[in-house]
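Per-chain residue numbering starts at 1, and chain names A, B, C, D and E are given in the order in which the chains are listed.
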Amino acid sequence: MEYITASNIMFVILACSILFFGVMTVTSTKILRAATSLFFVLFGIAGLYLQMNYEFLAAVQLSVYAGGIVVLFIFAIFLVKNLGEEKEKLSKFKSIMGGLAAVSGLAISLTIILKEKVFVTADTVRADEIAASIDMKWVGDTLMGTERFQYLLPFEAASVLLLACIIGGLVVAQINKKEEEI
Amino acid sequence: MSLPLECYLVVSTLLFFIGVFGFIVRKNLISILMSIELILNAASINFIAFNRFLFPDQLEGFMYSLFIIVVAAAETAVAISIIINVYRKKKNIDVKSINELKY
Amino acid sequence: MNILSLFVIIPLIMMAIIFCIKGENKSLIRVVMSVGGLALLAVSAYLTINYLKLRSGGDDSEFLFTNTPLMWFESLNIHYAVGVDGISVAMLLLSSIIVITGVFVSYAIEDKVKEYFLWFLMLSIGVFGFFISLDLFTMFLFYEVALIPMYLLIGLWGSGKKEYSAMKLTLMLMGGSAFLMVGILGIYYNSTPDGALRTFNIQEISQNVAALANSGADMSWQNIFFPLTFIGFGVLGAMFPFHTWSPDGHASAPTAVSMLHAGVLMKLGGYGCFRVAMYLMPQAASELSWIFIILTGISVVYGAFSACVQTDLKYINAYSSVSHCGLVLFALLMMNKAAMTGAILQMVSHGLMTALFFALIGMIYGRTHTRDIREMGGLMKVMPVLCVCYVIAGLASLGLPGLSGFVAEMTIFVGAFQHPDLFHRIFVILGCSSIVITAVYILRVVGKILFGPMQDPHHETLTDAVWYEKVAVFSLIFAIAAIGLCPLWLSDMISEGIENIVKIF
Amino acid sequence: MEFLNLAPLVLALPFAMFLIIGLFGYKMCPKFAGILGTSVFALTSIVCYGIAIQYFVANYGMEYPKEVLFNFDWLHITENLVISIGFLLDPISATMLIVISTVSLMVHIYSLGYMHGEDGFQRYYAVLSLFSFAMLGLVVATNIFQMYIFWELVGVSSFLLISFYFKKPSAVRAAKKAFIVTRFADMFFLIGILIISYYTQTFDFGILTEVIDGQVPIVHETMGGITLGGLSVISIAVFLIFLGGAGKSAMFPFHIWLPDAMEGPTPASALIHAATMVVAGVYLVARLFPVYSFEAPEVLEVIAYIGAFTSIFSAIIACAQTDIKRVLAFSTISQIAYMMVALGVSGFGGEEGLGYTASMWHLFTHAMFKALLFMGAGAIIHAVHSNEMDAMGNLRKKLPITHATFLIACLAIAGIPPFSGFFSKDEIIVAAFEANKWVFAVEYIVAGLTAFYMFRLYFRIFWFGEPDNGFEHEPHEAPSTMTIPLIVLAAITVITGICWAFGILQFSQFVSSDSLGYAIETHWSIALLSIMAGLIGICVAYFLYFKKTGRPNTVVSYIKRPYLWAYNRFYIDEIYLFITNNIIFKRICEPIAWFDRHIIDGFMNLLAWFTNSASEGTKEVQDGNVQSYAWVYIMGVIVITLVSILNYL
Amino acid sequence: MDYSNFLIMNHEISLVVVLIITLLADLIIGGNKKVFQYLALGLFTIHTVLGFTQWGSVGDETSFGGMYITSDIHSFVKNFLNLGTIFVFLFGFEWNKTENQKHCGEFYFLTLSTLLGMYLMISSGNFLLFYIGLETASIPMAALVAFNKKERESAEAAAKYVLTAAFSSGVMLFGISLIYGTCGSLYFDEVLVNFFDSPLHIMATIFFIAGLGFKISLVPFHLWTADTYQGAPTAVTAYLSVISKGSAAFALMCILVKAFSNYPDVWQSFLWWIIVITITIGNLFAIRQENLKRFLAFSSISQAGYVILGVYTGTAQGMATVVFYLFIYMFTNLAAFGVISSIENKTGRLNMDDYNGLYSTNPKLAFVMMLAMFSLGGIPIFAGFFSKFFIFAAAMREGETLLVFIALLNTVISLFYYLKVVKAMFIKTSENPIENFKSDNMTRIGLFICTLGILVLGLISPIYEYINGISFGF
């Protein structure tokens, strides 16, 4: 009975919604609806982060993911003519094959993960304490430091990645005049 | 008493395979890309959950999730531009339209 | 510089010169090739004489003319180490004879002469390098160097279904070398006592193996790697049932390539079988020899029987090679001095005589444009020189005394029959039956194409051999007869080499 | 002059001639080549005579020693087994030297005329020299392997001579047949050598045939008591060696090659297929006689039976042949079988060894008169251009010298005194009579048959009446190069017979099983019997063939079936043909070749095909759909995980 | 914060400098493609040369608290990646000048940024940096693949590539998350300590290697390879097949040694099977290919199998052979791509049938191609023989007789299709052969160096000995 706490109920609600909208994302016949479901999934995940006291991450998740990426999707959907209205039916064969892969994978992974006894020993109380004490400075230091467990280098690398991706994306998406004529 | 780690793992694993399922069954490229987001998020949840419950001393999983989000954004941008490119060539973004190269 | 390295260096220089010759200056290329070939022959003759001198001077080290091994890949302890014993000297002599005669026969090549000779030289480098190597790695390297030119030589200058044959030959031989590489690496890693430096040097490996065996170490690794190595080389030695590249390959190859391939390259198989497989893994060789005796015994008889009903001249000769080379391996497996000496003699003899055969077949084919024995007849009348030579080749092949084949076969039969085990002796008797079958197919051909009435009126106007063909053919016959009439120097030279090997069994 | 020192010349001269004429003959004028070959061989003959005579003279009345005139190592096979080339002189080799050099010289001379104008005249002489070299080398062999070497060489020169008219398919066939059949027998010879040498560790005749205390010690000690499948190894070995000899000497069932070998030039037949090479088998058995006699008497008995059977068998066939050379060929087989019988029934030492002496003596006389017969036949063929009896008849006036010499030879072979054949044959019959009555009976009948078919031949050629269609052109006597050898040989036939009759230079004084000379008493009782048989044969032949009558046909019509069988040589050739064509080629070679192309090679091609079709078959995996890629991907991960986990557990 | 940490990153820093200058130069002189290319190429060559000098060899160092690792072998690998990239640029020079290729500057920029990603991937000591490096190496690559904008194939190839890349990075992330969960850290050194063989570890490793296997194109994670190679511009294909694959293979080896080497059985057991099927499937698919780029794609899959054979051993010798193999493979495969791209640029022909009779019209190109094929097939005296031999030697040392045997049998199949190319060029004749032409100078320089490399690299033992001396393993 001690599991019935507000946060746990919250978790269940979030988990259910994540999974529900996840399923919706991959099954809904209308692509806009799928995008919306994806938005809710991401939203739910942000909720999970919040619940785990990682407010910063939740914020990033919301702003970048839900705010950026999903919007990108929606723009793309609109860019592609008529896609918004098209109905997408799942082919039976694919569903069976996909289901087979997903279910068997799920079965195996879950069995393995749940059988692992490592997690039981977790010191939850201490974890809660530390989680409660995360502040922005710590996050900032971690992101900007050069010591162990600090992430300046990946941060810098990610900047190159982003730059390259922007340029790459531009190159690919750029419309050549000649091409238009064709 | 908070819920055990396993709950999070179950959610993430389910989400992961929902994503996999989506990747395999969806018909158009953008939906497929969306399925990938599910997969990435599943991993993200894992990192966060592990960090939060098992190794709270450092922000490793936290940071990882952060970078996943960043990379996912970049990736999505490039992928969508490529999809648009495909659309221009084939007037279509059905996954079936990109199987000229085979065998 | 070590005299042995000349065998690799001379062809390399020749390659360089020919590579630098601008355009298709055929006559110049031919001159270069002939001069180089003669130089090789001279070097091998010089080597032989000096070798015999040194031996009679009482030098009894296992290998002569060794160099100080040049370190190549230090971490794997790979050296460039050369040296010869009587066996390698014999093989080198054989190779240089075949190469020079091959050059003369190749005068007939008119198309892409430059490329032809470049590949031809690469083949020769492989062959010579293989025989002088004392290091397993370089040996294997040269082995493969010798194999690959075959593909292009057959594919480009061959005849008939050349593409198929070239591919088949290359793939099967490379399949063999796949076996071989495992075997060589297996030897390399297993032959060393714990803690000692691993080595590719044949002599050192042999000593190490002996030391291991004496110390009672587990030698069962040999049971894996001996068959692999033996089969690996056996493929090239046309051992049943891995011989089927040989008929197709030889049939499609251009004349000189057939000569070189059957005359020398197939000898690499036999040489490798004992220099690597048997010499380095004597325990397994004794234990497992029976399997291969059965296989090679089958080869001997089977090849001969198959040759009896072939209609293509080259097929007949190819199957005859299967039979003769089978005899080589068969004799090697008897593992006594006499039989092994016979085996090496047989290699030399078969090399010469099959080269002669292929040369003659090529010349006949070049004139009649057919190799089908049903379409020829009575050629003796129009080209007596070639045909008499063909008869001599045939007689050598069926073991006429006074020609090399007899010496080799008799040494093998008598030697092999000294084996104390009844099973082996029975197989020797089986092997003896091949001499009859050989007579059948040789005479069948001689009777059909050289004797009898003319089959095709167009053949009436054919011409006899031209000078370079005569040079090639006569020198081969001279060598065959020289060995056949006075075999003692050769057989003694070889058996001295064998002595070192036999004592480890 | 010490001829023994010239021994190397005996081998060297003919070999040199072979090389010289063979390599440069095509540049010489044919006549020069012929005369060169002949004269050099004449020199060789002189050396041979000199050696033989000196040997016999020097040792007359004593035990004839085995003298090794020279012996050098040719090939070391093992420490003990060394093949050497040498010159062994003992009574039988000395006799053979005489036989070979005489007949060969005669043939050399004869061929000058007979082969005149033929294509390949030089080639003929080259091969003739090779043959002489090989045959001489064979008889003087100091060890069994040297013998084998020259054995092979005579085989090949026989092949080359039979196929001399290489444009004639029948000649080529005959040559192949001769070579392959003898080669088949040689294989047994080789195996026999292998077995003997394996145990005794020697090839040397001197050691192998050394007799001490009624046994051959080296053989007895190393091989005695060892059995294989119930047979003693000695018997097996020496029987195999005998088989080798049987092949060369055309014993049943290896006899089939000899009649066909008559396709070669007639002088070559005279030399090789009548006088010298074919008796190599007899010589071989005689050479190893002590081993047979002491260590394997049962084999000797088998030899006697085989000989007896062969002799009657071929004599019967000879009666029905119409080709004169074939008649002579079968007669040769029959006569060689006689010699074999003689060896087979012989004991060892002194009178016991009568068969041995008789065999060698018959070998000698037979060589002379059979060569004579062949050369006579050659002269006849030369005259009428046909081998068939039907094309002949009534030739006695046209070919007087041939007729006379031929008659002498016929009388000799029919066993009519005082010609040489009578004595040699008589001794054989005596020896047979003393050893084995069955064999005696057979040989006795054969003596009669011999007289019959020889005189059938004689009458048919020289009397009978001219052929129905007349001659193509008028027959005339051969040139002197051909008639002189006839006369010489006829003279030898007569003189040796008379010498024997008067007991001068009796053969048994020179050749005996134990190398000690002894005197032979003619057994007149048996001799009379055999003369009777000969006379009866002659009478029958006279009755049937003296004049052209219907009598032969009448007789034939009585015995139609046997006659047909005999005429077709009891279908042995057909059986062989069946075996080679239908069994060896069709049932063995072709299936093997098929197996090789389709199963072994097919397997390799199958591998290639399999790889290719695997390649084709798997291409659907890559169907171009990125989702199926992902499916494969994730399934790969799942399967690998599953397998790894199961593996881990 | 200690910025001195950056000081050991000589390669990366100089590359970033080149990257920035290129970007700027593109803005300024991008219109003049020739000058721009010379500039970029020159700069990058300087960077490469610097890498080979003393300045480039940093020695064994770590910085950022173990996040970044470098050593001589890392430097060497980076150097040869540079070298390979130079070849790619040389072969792409002509293509970049064409009208269709409007984004010459971006081509250089993107290529160099992926190269930077590979540097980081190789040198990472932490899964996060590794991930970033991997993504930097693969996402811009998708854009590169789509560079042939006129061709439908290029777009399709890019789409397949990017989707599969994203999918596989998802799988890999899931694996890394589990590794994190079980080992408690993302630093390799800590993973090494905490890693053991529980089912979860095994699963995590498999997910992780699957993600990386995508880049090395191991079967069954390889299916994108052929399509992408075929559709991508030839220069990019070359880059993908050599540089990208090589760096990933080396990274895999580093991680396996650095992070998972305490329980090698965990990964060896399934790598064994992956090697077998990779080599086999690669060969089987290559047999029937007609398009040469597609053909080389499958050939590179099977080559990857051989590389992993060396990785599989996990020993220092194994690493030496892997690096040596990749080094040789770079020269060899790039020579092949050089020929293909020069012919494609001139005639646009790519099929094996088009190459019929090439020797009679363009003997030099045919000769280079033949050498490349022989070297790929492992024929002595060409360099490929040595690299294969050493790989097998390394594997045999671990007693993997069966594996080596299977791999060797597969070389026979591979020889079959390599010889098919040789056959087309030398033996077959054609009605309509590729006419004789002169390649541009850049291609010729590149091909010349590659040919030289094929011919002599194997024979020069110090190279292997050097690599062997600086390798590490467990």
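Throughout what follows, a residue touches a chain if its C-beta (ideal position, glycine included) is under 8 Å from a C-beta of that chain, and two chains touch if they have at least 3 such contacts.
This is a predicted model, so every value here is computed, not measured.
K.L.:
Shared touching chains for subunit D and subunit E?
P.N.:
Of all the chains present, those in contact with both subunit D and subunit E are A, B, C.
K.L.:
Taking each chain's centre as the average of its Cα atoms, which chain lies closest to the overall Cα centroid?
P.N.:
Closest chain centre to the overall C-alpha centroid: C.
K.L.:
Between A-B and C-D, which chain pair is linked by more C-beta pairs in contact?
P.N.:
Top pair by contacting C-beta pairs is A-B.
K.L.:
If I average the CA coordinates per chain, which chain comes out farthest from subunit B?
P.N.:
D
K.L.:
Report back the single chain whose CA centre is most distant from the CA centre of subunit E.
P.N.:
The chain lying farthest from subunit E is D.
K.L.:
Measuring from the mean C-alpha position of subunit A to the mean C-alpha position of subunit D, what distance in angstrom results?
P.N.:
A distance of 101 Å separates the two centres.
K.L.:
Centroid of subunit B to centroid of subunit E, CA atoms only: how many Å?
P.N.:
Centre separation, subunit B to subunit E: 26 Å.
K.L.:
Suppose each chain is reduced to the average of its Cα coordinates; what separation in Å results between subunit A and subunit C?
P.N.:
69
K.L.:
Centroid from C-alpha atoms only, then distance subunit A to subunit E, rounded to Å. What do you get?
P.N.:
Each chain reduced to its C-alpha mean, subunit A and subunit E end up 31 Å apart.
K.L.:
Mark out which residues of subunit D touch at least two other chains, giving numbers and ranges.
P.N.:
619, 622, 624, 626-628, 630-631, 634-635, 637, 641, 645
K.L.:
Which positions in subunit E touch two or more other chains at once?
P.N.:
Those would be 128, 132, 135, 139-140, 142-143, 146, 149, 158-160, 163, 167, 171, 178, 181, 199, 203, 226-227, 288, 416.
K.L.:
Mark out which residues of subunit A touch at least two other chains, giving numbers and ranges.
P.N.:
In subunit A, 94, 97-98, 101, 105, 108-109, 112-113, 118-119, 149, 151, 154, 158, 161, 165, 168-170, 172, 179 touch at least two other chains.
K.L.:
Please give all chain pairs that are in touch with each other.
P.N.:
According to the stated criterion, the contacting chain pairs are A-B, A-D, A-E, B-D, B-E, C-D, C-E, D-E.
K.L.:
Under the stated contact criterion, what part of subunit A meets subunit B in this complex?
P.N.:
Interface residues on the subunit A side: 2-3, 5, 7-8, 11, 15, 18-19, 22-23, 25-27, 31, 34-35, 38, 41-42, 45, 48-49, 52-54, 57, 60-61, 64-65, 68-69, 72-73, 76-77, 79-80, 83, 86, 88-91, 94-95, 97-99, 101-103, 105-106, 109-110, 113-114, 118-120, 122, 124, 126-128, 130-131, 134, 138-139, 142-143, 149, 151, 154, 158, 161-162, 165-166, 168-170, 172-173, 175, 179.
K.L.:
Which of the residues in subunit E come into contact with subunit D in the complex?
P.N.:
Of all residues in subunit E, those touching subunit D are 159-160, 163-164, 167-168, 171, 197, 199, 202-203, 206-207, 210, 214, 219-221, 223-224, 226-227, 266, 269-270, 273-274, 281, 284-285, 287-288, 413, 416.
K.L.:
Applying the document's contact rule, which stretches of subunit C touch subunit E when the two form their complex?
P.N.:
71-76, 78, 137, 140-142, 144-145, 148, 151-152, 155-156, 162-163, 166-167, 170-171, 174-175, 178-179, 181-182, 185-186, 188-189, 224, 228
K.L.:
Any idea which subunit D residues touch subunit E in the complex?
P.N.:
611-612, 614-616, 618-619, 621-622, 624, 626, 628-630, 632-637, 640-641, 643-645, 647-649
K.L.:
Can you list the residues on subunit D that touch subunit B in the complex?
P.N.:
619, 622-627, 630-631, 634
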